[in-house]
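Okay, so subunit A shows up in both of these, paired with subunit B first and subunit C after.
Our next item is the complex of A and B:
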């Protein structure tokens, strides 16, 4: 019972890494199917569609980053791991923007990448423009990342 | 558990297939190619232009060339979609045409090998065997019952036309059912327009040949785009009655074409379908873009067939242009 704070904080880190990772896996997966279709017909488009396929992969990295920061703050990676229940709950809540923002934005970005890959299949010369559309979705993953980072550091600064 | 897993791993959005279709759309013949084909001096020049575009595999004979293209289309679809039965809507009419052929062949007790079409979802020889052996159970669903009924009617009455209209009506119903089963809007819209167009053509021909309401009641299929009962009543007052009825339907724009000729009306219907499917060029998910590609290719093949036949018969360029269908790209 005395380690409940640590448990909640760990749950936050796990959710952040797992949900954002699941979102990226789904996003990269569907974009990969579309990319395979284009490369089957025109192998010269490989490098272009690969970039578009990888775009939804960043949310997984952001989720991992948040998980790392949280683990460091709560002392799991070394140091003092004395986390109160209040602190633990606050860490959990801090991780949620990245967990859910990462999950849904990665899936949306994957779908957008599929359409962009279709654009490249038809007009390879428009690759630059095609990349902008899924990249716009990234904004919301970055906003989630920012809020999670600020919250985690804010919680540790509270000194509860 | 196994079933749940297989569902989870099935690509319901056809993402791989649609992106391959996006690349394949680049090879469709566009307006400029059809312009060049119309301006070509003879069929040899047409074949050269088509070969440049990778159409026809360099084959000389027009029928072989078109059959090659259709085979290529369905080979690609078989590669992309694990279960091609979702596209039965395009091939069911071939099954019902083969049923008509099998009944005629059986009743007349003659070998007519060339009358079967390969553009069907079922093996023509299966239908032939079912009718010959009167073993209709080997045919799927409603076709089994229909085959037995039509075979008996033909044997009793020798009325080939009655059998034909019963089978044609069943084919239209089956096509709409197959489209509804897929739940895809493109396929449903395609089946609905095709069925409505067939009903309008049957009603027009019935008026021109002086057929009565009983005939129309047997021949016309139910369809979403038209009210069957109203069309039958309208046809009783002649062609003007049909035009007056169509005025309040989605087919009002087709009235001038119908007044001109059946061929002009058929072209209008093909163009309407092409216009309906064009938004699929920007859709990245689902059956719609694949269905639209099949329709586009079938329409393209039909246009090339018309063009080659017209060139062979020395039709003037203007007349050929009037018959060429709108292109998807």
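Our next item is the complex of A and C:
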């Protein structure tokens, strides 16, 4: 039972990597389907629609980032893993913004990317604008990331 | 900040020079032709649509032929070639080729017709194959499928949709024959008694087997499978009606290829031969098309040439002309105006006038900046070109662009790769597409900035230096120490710095707004929309910095002292009141005006979210470093063995290539976003249209004047 803290902290890392990853997979997946459709009609648009498809992929990376920082902080990646129950729970909660923010924002961003891909298919010259719409959605993933990062570093600074 | 100044140009020439003058203008490629006048009874436009359509069609034919050619004889292209711009072609060479453009077109048509022939032949193949397949079950029969029988007999050749044997089939046929004979007899006797058919029909079913009368026939099953049996039945002519009925009941069907005159074996052989011939013909046609690969350049020329002529005719279409003169209006960059006038005057009897465009005119926009800011023009263009009264923001944007890009990518190793990679491409490909070249330059400067930030944050392929030293050389003490600070250990510091960058960026945007308003002479807007906001936002920020709560949270080592904070607070309040009073100044009604003003002041929350948005500098900067560390750590897991080194190299290469790709994309997208949303939102509306001169719009060749 003395390792419950570690368990909770690890849960947090796992959630942020897994949920944000799922969100990105769904987002990139639906955008990819739209992209394939455009490329069948006009193969020249490949590089543009590829960029748009990849936009919802960042949440997965942010999730990984949070998971990795957590793992380093709790000493799973080497060093001593001395995590109290309190600390473990705090780490778990710190990971939640990224986990859920990532999950839902990636899916929403994927849908937005689908529309942006449609825009590029009809008007390839408007690529610059098409790229901005999905990037707006990403702001909220970034805010989640920010809070998660600050919380994790904050928790380790508490010295509980 | 340079929008190229434009002049209006007005050309009046003689009709006989029309063609030459237009060609001259097209060759110079410096005039955007726009005729404002409507045709009236003196000035008429020429209907040249049919010619234009014809040239368009010719150009398409050449394009189509090129497409076919690429299918049968793909062009060898390296990755670098795809960056190349159109090839240059000397004027004399061009003239020589123009003479044989018709021949090139004929060649293109020949290619298209060859391709059609191939397709026709390919369409025949499946038909042949299905005929061969249909004949295969009959291969052991020694009679042709259309054999009808002798004088006395009739042959039934066909298939049954189930498996059977000769003896079984014979007995079934005999059984049915007997039954029918029975039926016939009873049927005949009962023709008189109408109305009772039903009853007797039912009765005859019981007595059917009694007849025992056989029908003389040869029954042979040629082949049999669960789906189909091929049968040959020979019966006497007199029985043929009866036999036909019986077979119909059994599900007998006549094969499609009954027309075959020969024994099936022979027939198959003939068909196979035919198929072979077709295939070899197709191969022959294919090589014929592929042989045209040597003429690819000529086809490209034809495509360009006709596209160019179509372009000329589309301009000609809009030119008003009287009986002996014609008029062209348009825009020309001021710097070229005089030179162009001189050129035209010296070669033709022509009147050329230059004039300043009117204030209300929607003059087309061409941007020109120095080498450093030029790449960012593509970013500005992809947002929108500057409108009538606006300045070109490329130069000021470029400074922030490179800084933010570097902060987001923030790895010296990646920066070096990006800089060297783009430099290599730019050196190797001399004649690059202009858009592509700007993109390369953008990443080149971005790469340099990335190197600087990477060194400041101590990141070189993540923590590769430390990992390699610790794992393979047992020296964990060696690290690349950051010139400034390490973001991973001091994220708060990075965050504060990111916000500071954001504040500078946003206030710069407000400053440009101020400059623009003053330049336009709109001092009211300058004061209300810019100065008051400066006071409101700037005062607010300074006041926030005087609150211990904020400075503690941000980990700042200082806080604003007492008198200064009071002054800042008062400035912010004055600014706020000013915004409330003036924000809705276009409304006459005072009440409405105050409400609108209050709503405008609420826009301060927008500034807050704008500044928070710069936290992406931290997020993306950290993401690069952390993911790089993940890969380094994964690679070093097997320790300092020979396979450990091998695995490390593999993971290092794959991981970092992946990371560069993802993060360059992220840095590019989010730098754009910061410019478009947070920065341009403060002062820039865009809406200008781009300068599109009448020129030789070509895809493959650029005609160059001979020196």
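Heads up, the rule we're going with is that the second predicted complex is superposed on the first by the 160 of 160 C-alpha atoms of A that agree within 3 Å, B and C clash if a C-alpha of one lies under 4 Å from a C-alpha of the other, contacts with A are read in each partner's own complex, and residues count from 1 in each chain.
Just so we're on the same page, a contact is a pair of C-beta atoms (placed from the backbone, for glycine too) under 8 Å apart; a residue touches a chain by one contact, two chains touch by 3 or more.
What you see is a predicted model, and the numbers here were worked out from it, not measured in a lab.
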- [ ] With everything superposed onto subunit A, say whether subunit B and subunit C fit together or clash.
- [x] fit
Open item on the list: For A:34 in the superposed arrangement: first (subunit B), second (subunit C), both or neither?
Closed with: first
Task: Broader residue contact with subunit A after superposition on the shared chain, subunit B or subunit C - done: C
TODO: Kindly classify A:136 by the partners it touches after superposition: subunit B alone (first), subunit C alone (second), both, or neither?
DONE: second
Open item on the list: Quick check for you: in the superposed arrangement, does A:122 touch first (subunit B), second (subunit C), both or neither?
Closed with: first
TODO: For A:75, decide between first (touching subunit B), second (touching subunit C), both and neither.
DONE: neither
TODO: Check the residue A:150 against both partner chains and state whether it touches subunit B (first), subunit C (second), both, or neither.
DONE: second
TODO: State whether A:58 touches subunit B only (first), subunit C only (second), both chains, or neither.
DONE: second
TODO: Could you tell me how near the closest CA atoms of subunit B and subunit C get once both structures are overlaid on the shared chain, in Å?
DONE: 8
- [ ] Please name which positions on subunit A make contact with subunit B in the complex.
- [x] 30, 33-38, 40-42, 111, 114-115, 117-118, 121-122
Task: Residue ranges of subunit A touching subunit C (in the complex, touch as defined) - done: 51, 54-55, 57-58, 61-62, 64-65, 68-69, 77, 127-129, 131-132, 135-136, 138-139, 142-143, 145-146, 149-150, 153
TODO: Under the touch definition given earlier, write down the residues of subunit C that touch subunit A in their complex.
DONE: 379, 381-383, 491-492, 495, 612-613, 615-616, 618-619, 622-623, 626-627, 629-630, 633, 662, 665-666, 669-670, 672-673, 676-677
Open item on the list: So in the complex, the part of subunit B that touches subunit A is made up of which residues?
Closed with: 11, 13, 15-26, 284-285
